[in-house]
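Two complexes follow with subunit A in common, the first pairing it with subunit B and the second with subunit C.
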Partner chain A sequence: MKPLANAISAITASVGASALNIAETIGGASLLLARIIRALFPPRVDSDEVWRNLYNVGVKSYPIVVMTALFVGAIMVIQTAFYVQKTGATGLIGYGVGFSVFAEIGPILIGLMFSGRVGANNTAELGTMVVTEQVDALRALAIDPLPYLVVPRFLAMMGMLTLLMVLGDLFAIVGAALTAQLLVDLHWRVLLADLLQSHLLDEFTMGIVKAACFGVSISCISCYFGLSVRGGATGVGRAVNNSVVSNATAIFVIDFAVGYLYSL
Partner chain B sequence: MSDAPIIVCRGVGKRYGRQWVLRDVDLEVRPGELLGIIGPGGHGKSVLLRLMAGLVQADEGSVTVRGKDLAVVDNFELAAVRREFGYLFQNYALFDFMNVADNVAFPLRQEGGIPEEDIAVRVRARLEQVGLGHALDRFPNQLSGGMKKRVGMARATIATPRIVLYDDPSAGLDPVTSSKIFLLVKTMHHSEPGVASVVVSHDIDRMKVICDRYVMIYEGRVLFNGPESAIAEADPLVGQFFFGAVAAKTLRP
Partner chain C sequence: MNSSAENFFEAVGTPVVEVSRAWGSLMGCGFRTLRSIVMAPIAWREVIHQAYLIGNRSVPFITVTLGFLGLISVYQVAMQIQQIIPDFSMLGAAFLQIMIREFAPTITGLMIATRVGSGIAAEIGSMTVTEQVDALRMCNADPIVYLIVPRALACTVMVLMLSIYAVLVATIAGMLIANAVFDINYRTFLSVQLVSTDDVIVGSLKALAYGFSIPVIAGNAGLTATGGSEGVGWATTRAVVNTSFAVVVLDFFLSIVGHILFSH
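And now, the complex of A and B:
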């Protein structure tokens, strides 16, 4: 019986440790969000840092967002075309593409790409600043790292991911139209007309709201892991890994929550 | 040297987990003096420096700067205290997204109210003083270790702080560059009257050239506090460390 008891004890300890880690991450990121919001009223932000982050986060991310969106639109046309052509309901292809791209697949895939590029980079950058004492140097110069480092990243990620989602929706339609015209033998005007007649404003706004929420979670989680780095280069690697996993998980949870709230 | 102490540590202790890295540390730093903190690596010298700057909090005892206890001041008061400090970090801690000129200008820009033209003039003058007038546009990854130290010194002293803390300024540098860096510390110290400088190092030969007084930290405690002339009466370990084990008159078995 003793080996069984030991095994149960080990499993319980492991589950408990994981639960504590998750609670610590959620708690740490939530506290960081609260401190960010407090720092915004009244605003205590370095404008140079905001512009630098807007460029790094937004301008440098748009190629990957455009590429993702083009393929998302194209894939949705290919996937729906088979059934639409089989039933002859070509009028549904625009609705199918628009609904899935605006509300679900677009936000999730663009959010994941953004988290992989920007979130991981942000954790690595802040983590490296911690281990090379640059964050301590800020504090030694009487500068609070929160308004100087974190708040500009928060504003940039939330604002830019929202704008990138609008751009992504546009390019997803372009990708869908090109694929419909070139590969599915459906005139692009038919697809666009169907899309416009489908009244997908709710789905579009849902995608934008999701993007803004993803921006908040990616910035808080990646900054939290970056500023919590301990233990040199190994610690930075571990923090980036944790940041990517946590961000991906948060994206799916937020996607579910926002989708559920819209369905009420 | 008769002025009231600018930094006072009383019974200071600091621990990480269950491990005490500093215990019962008493020391004072006075305006105008150049204090050397010596001792073997890993015995708490850098932690003591971080406590003085309020970068970490003491777990026992108190650290006061100009009479303000760093454990009880609020964030605004702590920021005001920190503005009195210049800090040279062991690993330079230069902002790698800024060039040399922007790194050195950073404390002045954060002060606010100083015209950009004045900042540019002061930055150029300070960088020329440390021999880097030619490197304004370079980024930290384009500099050697000695150059990074000199940029760090320029940044630490550009805003004319009243207290300058140097954490192991010769770490990782060759002997010639180390000597130059220590001479720069001396020059910086004497360039403004009344400035208190604290240098942490185990490079005794170079410390002897510049320091007025020494504090030796051994196993987290103050083993010696006084000028070089008082070492003969101190614990034999101090002599061993200061003059080298072979030259020391009294060796601990």
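And now, the complex of A and C:
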């Protein structure tokens, strides 16, 4: 009986520990979001920092988002073409590609890339500032770290991910048209005409809304993990790891929530 | 005149040199890993330990993310079908095929890239900046044989296993929402009539390719880390971006291979 009781208590302990962990992360990130919103009314933001972050977050992520979007469009054309050739419904290829890229795969993949590029970078940057006591130095100079470090990042990530999503949709169409022309023997004009006739405005706006929500969650979660780093270089590495894992989970949960609410 | 020409060549040449140097170091790391797998003795105990860390520890993460992916993709596609022709008989079959062929391996690969890629880079990066890797070299232990080979073997096997598990999770989630919201019978949904051997081969090839490339890219990022905690943060960010992007690119090329080989 003893080993069984030990095993049960070990399982209960690990389930409880991970539940507490999840609750702590969600609570910490939500509190941070509440404090950010509080700091925005009336706005107490360092505008120089906002511009610098808009550049760091938006312009520097531009290449990776464009490359990802080109490949996403290309992959969806190959998959849809395969399916369409099997069933013989050639007219559906533009609709299938547009629907899956705008509503679902585009936001998820670009969100994940953005979380890897910007979220991880942000956690590493803030974490390094915490372990080298730069955040404490800010406090000693009577500068509140929230409006100086967190709010500019929040504004930059939310705004820039929304804009990058529009750009990503455009480049996904370019990638799709190129692949259709070069690999699948479908003239690019046919694909574009089909895409334009499919009335995908709802899907497009849903993708943009998803991107804005991802921007909010990525900034809150990555700042939360960055500011709560403990213990040197190992601590920074572990924080970045936790931050990207939580961000990826949040992206899928938010993706489902927005998709569900949008169709109500 | 002369200096502006010099500036121009410098601006063009620096990224080219940097990218080709990074590519060379990555390819070198990959080939040395492959050679060590064939030639050098393998520490099976370490491989199994890493397989536990990479595989078993990722199960909750994969369950949450792929579960939500299954929910939302079935929900959105079924909403579209409902508007055009209310005939759900092929929904499950098509869902299962595209899951096996495309989304289960690729989204699993991306999730492992973020979770395990950042973890490997943070761990090996901390070892590099605290000179533990140099200590290994002094003991005549090759860091590639000692650190990367066990992770590469474990990750290759585990991404394949997790992809199979991902198909299961996504299908169960999709089945539940199809039954709850659209009244689709479980038996109607769970149909393998569109799945062929080709789909299974393409999906498994993708999973194996992602599984090998993730630890090699992340390990290389960790081994080339420089500086203190900031360097570890940078290495981790680079690992997440590069592994995720590698998954997207490999997905594109393997999809083309699958399209060319099996489109008849």
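Points to keep in mind about this one:
As a working rule, the second predicted complex is superposed on the first by the 261 of 264 C-alpha atoms of A that agree within 3 Å, B and C clash if a C-alpha of one lies under 4 Å from a C-alpha of the other, contacts with A are read in each partner's own complex, and residues count from 1 in each chain.
In this text, a residue touches a chain if its C-beta (ideal position, glycine included) is under 8 Å from a C-beta of that chain, and two chains touch if they have at least 3 such contacts.
Quick caveat: nothing in here was measured; it's all calculated off a predicted structure.
With subunit A as the common reference, subunit B sits beside subunit C without any clash. In the overlay built on the shared chain, the residue A:Ala172 is in contact with neither subunit B nor subunit C.
Legend: residue contacts after superposition of the two complexes on their common chain; A:Gly116 is shown touching subunit C, with no touch to subunit B. Judged by the touch definition given at the top, the superposed model places A:Thr132 against both subunit B and subunit C. Once the two complexes are laid over each other on the shared chain, residue contacts for A:Val101 go to neither subunit B nor subunit C.
Shared-chain residue A:Ala180: touches no atom of subunit B or subunit C. Of the two partner chains placed by superposition, A:Val50 touches none, neither subunit B nor subunit C.
Residue contacts after overlaying the shared chain place A:Phe82 against subunit C, while subunit B stays out of touching range.
Once the two complexes are overlaid on the shared chain, A:Met160 sits clear of subunit B and of subunit C alike. One of subunit B and subunit C touches more residues of subunit A, and that partner is C.
Once you line the two complexes up on chain A, you'll see the smallest CA to CA distance from subunit B to subunit C is 10 Å. Looking at subunit A, you'll find residues 132 touch subunit B in one structure and subunit C in the other.
Those residues of subunit A whose C-beta lies close enough to touch subunit B in the complex are 52, 132-134, 136-137, 139-144. Of all residues in subunit C, those touching subunit A in their complex are 60-61, 64-65, 68-69, 71-73, 75-76, 79-80, 94, 97-98, 101-102, 107, 110-111, 113-115, 118-119, 121-123, 125-126, 129-130, 194, 228-234, 236-237, 240-241, 244-245, 248-249, 251-252, 255-256, 258-259, 263. Note for the complex: subunit B touches subunit A at residues 50, 53, 55, 75, 78-80, 82-83, 85, 87, 89-97, 106-107, 110.
In the complex of the two chains, the subunit A residues touching subunit C come out as 18, 64, 67-68, 71-72, 74-75, 78-79, 81-83, 85-86, 99, 103-104, 108-109, 112-113, 115-117, 120-121, 123-125, 127-128, 131-132, 183-184, 232-238, 240-241, 244-245, 247-249, 252-253, 255-256, 259-260, 263.
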